[in-house]
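Input: structures, listed below.
After this come two complexes, each holding subunit A, first together with subunit B and then together with subunit C.
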Partner chain A sequence: MEIRHYLRAMNAENIKEWKIELTYRVDFIRGLFEPLIFVLPFILYGIAIVGGKYSENLEKLTGTGDLITYTVIGYIFMGFLETAVWGMGFALRKEQWYGTLEQVFAAPVPRWVYVMGMALHSTIHQGLIILMQSVIIYFIFGLVLDISGILPSLLIIGIMMISLYGLGILLSSLVLIFKEGWIISEILYSFIIIVTPIAYPLAVLPSILQKISMYMPTTYGITTIRHFLIGEVSTFTVFDAVLRLLVIGAAWVIFGLFIFNIIDKRVRNKGELGTY
Partner chain B sequence: MNSFYNLSIISAEIKKCLKILLCYPMELVFWCIFPIFWAVPFIFQGNALVGGMESEAFSDLTGTTQFMPYILIGAVLNTYVLSALYGMSNSLREESYWGTLELILGSPCSKIPILLGKALNEAVTSTLFAVMQIFICIIIFGLDVAVNQILPIMLIVILLMLGLYGLSIALAGITIQIKQSHSLIHTIEYLFYLFSPVRYPVNINPWIRMVSLVIPLTYALTVVRGIMLLDKSLINLWQNVVILLAIDIGLIVLGYYIFFYIEKRARKSGIISMY
Partner chain C sequence: MDNIIVSDLTKKFVKKGKRKLLRREKEDILAVDHISVKVKKGELFGLLGPNGAGKTTLVKCLATLLIPDEGTATIDGHDIITDPISVRKILGITTGGERTLYWKLSARDNLKYFASLYGLSSKDAEERIDYLLDIMDLKEKQHQRLEKYSTGMRQKVSIARAILHDPKILLLDEPTLGLDPSFSMFLRSFIKNDLNKKEGKTILLTTHYMDEADQLCDRIAFVDRGKLIVVDTSKNLKRNVSKNEALEIKCIGNIDKLENFNAHIKNKKNYTKIRILHENTEDIMDDVLKDVKERAKILSVNVTRPTLEDVFVHLTGSKLEDEHE
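Right, the complex of A and B next:
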């Protein structure tokens, strides 16, 4: 009964957020195309460096030499990191701006239910953006993908999302302390982007970054998705990747909830909830 | 006397902006480091694609085989674009958030020193960020900057800033009219990012090359990279400098007229205090 109650609250949050976003249609449409702006430089720069679309060195490192397909798949699916960092991470800050945070926190559901409502909205929104991008890029660059890899890729995305939700819960609480928390979100986002093999394999990273990369769910998520869709060869098996994604996911969610509860208690005790 | 007042307005505006900026020290550190951080994936990507730090194909397009300094210079100069668009263009919108826009526009002084103060503040802070970024590039990535290159580079940076702040004065005026101007500002940022040689040479595609011709950043990057990477002098690159200067004059005149036209209209229609 309680679960049903929570699910309704999450859906209400999801619908509220859609209503707000669709009020600003120009922003909404811009958001659909925005990720394309950031992936194009990687493609054009890659072509300028190699002098074509095929890289021998990339093939030697990953088993696939098509730099466009390699980069585009990596970049598109990293879009879900935006869900965690910006969608969920800013959920509570946005309520603060609207002046509704205190009312939301007074609702008879745990606070994480509210954040998960934002996660639901953000995941659907990001899924829509990724779908749009995939169609556009497919028609512009004519990507050749293994169709049979789509279903297992979706499964990997689902598992990767568990960890990203953990990160989102953590960030949404940090914003309550740091207020202008966009810097923390941006720092984390930029760092994860660097250590994740989006446009390059792990082999080109310095060894310290390679080690850090092994703790990032996006490393296993992106590499395994590319393995299913274009046959990327990696240093770990699919079984290993799924296992590590599950372990990292559980750890990040537990850590996220733990920090969230501590900060929630602290800002209530100190009366900082309504401060800017 | 009048110019003394104007100078004191400019100085007050700079002091105010700096005081606000210093309240957020994290932001200062962020802008000194992160524009370089955002360029790092391109360096790793280049290494993965060619198996080293030099590319012959890249040399055919740019004249240099070294893609790393090419990327780093693009990242540093792009800081000025971000500062002009998000700092200067947005500055009046911020006054509106703080509830001080009506007071500023209603004050019995010319608006030019206020805008100049804001522009000078952005120029000083973004130059501070750029210098810090250059230091990071020298220490971490081994970027070479010869002493005799500093003066011509500074000249080009000043010319770049003039054009960008001309554009951002126009955008600041448009912000008074349309309020939520961030979509417009984002769009202009994307145009600059995609159609000027920030990350890649624009002659990779004829359409990109064509659009890049009207963007001041294209000429500034061409000259600075010419000086730093190809050992050319300003005299060798004079055509680019002249075009940059012409674009600057056009943007400043346009910015001035757009701002004052919109400001006058906004005062008459009473929309200044609206959100």
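Right, the complex of A and C next:
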């Protein structure tokens, strides 16, 4: 009974966010195209440096030489990191800004349910953007993908999202106590982007960053997705990747919830819940 | 039977002061100072006190939005610290401030969202929302965004949200604050007649409007500087003031105090109001008027019974409009 109540609450959060978002129509449309504009300079830069789509060195390092497809897949699927860092991370701050956080928290639903509702919304939102980007880039640059790899890739994304939700829960609480919480999000986002093999293979990172990269779910997520879609070769097997994603996911979610509960208590002790 | 039992509840906040080298000065502020009170089932109970007295902090503790530093409270038998979810299920709450709803959504969408949070099924929610929009006279504008509503209409939506899940107990924090007289009248009558008398809900209402407390509440608690001063019916509170007449003079002029009388003076925007409590105001009338006439132009003179505000001033020495730091 409670689970049904919580699921309904999550869905209500998702629907509410869509309704609010769609009241800003122009901004909504801009948001759909914005990531596309970010990825184009990467691609054009790559083409200019390599002198075409194919890179011999990339093939040596990853088993695939298609620079554009390699970068585009990495970049597009990293969009889900935005879901965690910005979508979920700012879920509660947004409610503070609306002035509704106290009223929402007065309802008989655990606090994390709101954050997960926001996660649902952000995931669907990001999914739409990714779908649109993929179709446009597929036709403009003629990406060559292994279609049979799409389904397993979606499964990998699903598993990777567990960790990202853990990160999102953690960030959503941190922004409640830090006035300029976006700085924490920005630092974490930039750090994860650097140590994740998005536009370059792991081998080009300094060894210390390579080691850190092994604790990032995005490393296993992106590499395995590219393995299924364009045959990227990596130092770990698919089984290893799934196992590590599950372990890291569980750890991040537990840590995220742990910090979230501590901060929830702190803001209720200090009376900072409704303040922005 | 008591629906709300507050036992020795204390809440303090830390106020940050000036920074001194590496350390920042800090000062503890007791917002709620060891308050104990019981609210009976079906009672409309008022917390009356000036802004900053600790009323909202107490309400937020009861609504599980704040954790008390000492003491606790039970709502219909559920402890606010150890069983917050059960407490939230049986509570309806309106907190002050206009922006407690989503202004970009319509009244209906706002209510639908909160109905889901309170666990109402879609069918039940639709029926309940229809009913509430109807009694709040908002049906015609139910699909309009709240940003286009007046303050009073938004407050109606806010009350509708508080009673969406038909809670046994309501916490209404300054429900008529900033509303025009007609909306205030409607809400006061709705709270007293519909929610309290007809539906039998237990209501804890905070206000700094003495008329509101006087009109609505079965019992009233005076709160000042975080402390509960007294709890009684309005009638008994007024009876406790030994002086049974109040001389009220409205005048234009700059008067801060009257040397020979214990007067409470309020400087309003267009006039000054002087109130003096006395056993028999006839005895002092001439002297007071003479004193005032020398310094101001008298607009009106009235002799009334002591009001709740007089009782409050008598007991606390504070005025209800006072704002404590």
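The rule is simple: the second predicted complex is superposed on the first by the 276 of 276 C-alpha atoms of A that agree within 3 Å, B and C clash if a C-alpha of one lies under 4 Å from a C-alpha of the other, contacts with A are read in each partner's own complex, and residues count from 1 in each chain.
The working rule: a contact is a pair of C-beta atoms (placed from the backbone, for glycine too) under 8 Å apart; a residue touches a chain by one contact, two chains touch by 3 or more.
These numbers come from a predicted model, not from an experiment.
When both complexes are overlaid on subunit A, subunit B and subunit C end up sitting side by side without clashing.
Contacts of A:A107 after superposition: subunit C is touched, whereas subunit B is not reached. Of the two partner chains placed around the shared chain by superposition, neither subunit B nor subunit C is touched by A:I177.
A simple residue count on subunit A separates subunit B from subunit C, and the partner touching more is B. Residue contacts after overlaying the shared chain place A:A12 against subunit C, while subunit B stays out of touching range. Of the two partner chains, subunit B is the only one touched by A:F42; subunit C is not.
Of the two partner chains, subunit B is the only one that A:N57 touches; subunit C does not reach it.
Taking every C-alpha of subunit B against every C-alpha of subunit C after the fit on chain A, the minimum distance is 11 Å. The intersection of subunit A residues touching subunit B with those touching subunit C, taken from the two complexes, is empty. Residues 5, 8-9, 11-13, 15-16, 19-20, 23, 98-100, 102-110, 265, 268-271, 273-274 of subunit A are the ones that touch subunit C when the two sit in their complex. Those residues of subunit A lying in contact with subunit B across their complex are 24, 26-27, 30, 34, 37, 40-42, 44-52, 55, 57-58, 60-61, 67, 71, 180, 183, 186-187, 190-191, 193-194, 198-201, 203-205. Per the touch definition, subunit B reaches subunit A in the complex via residues 24, 26-27, 30, 34, 37-38, 40-42, 44-51, 55-58, 60-62, 67, 71, 180, 182-183, 186-187, 190, 193-194, 198-201, 204-205, 208. Partner subunit A is touched in their complex by these residues of subunit C: 11, 13-14, 31, 57, 60, 63-67, 69, 85-86, 88-89, 91, 93, 95, 97-105, 109, 112-114, 116-119, 145, 161.
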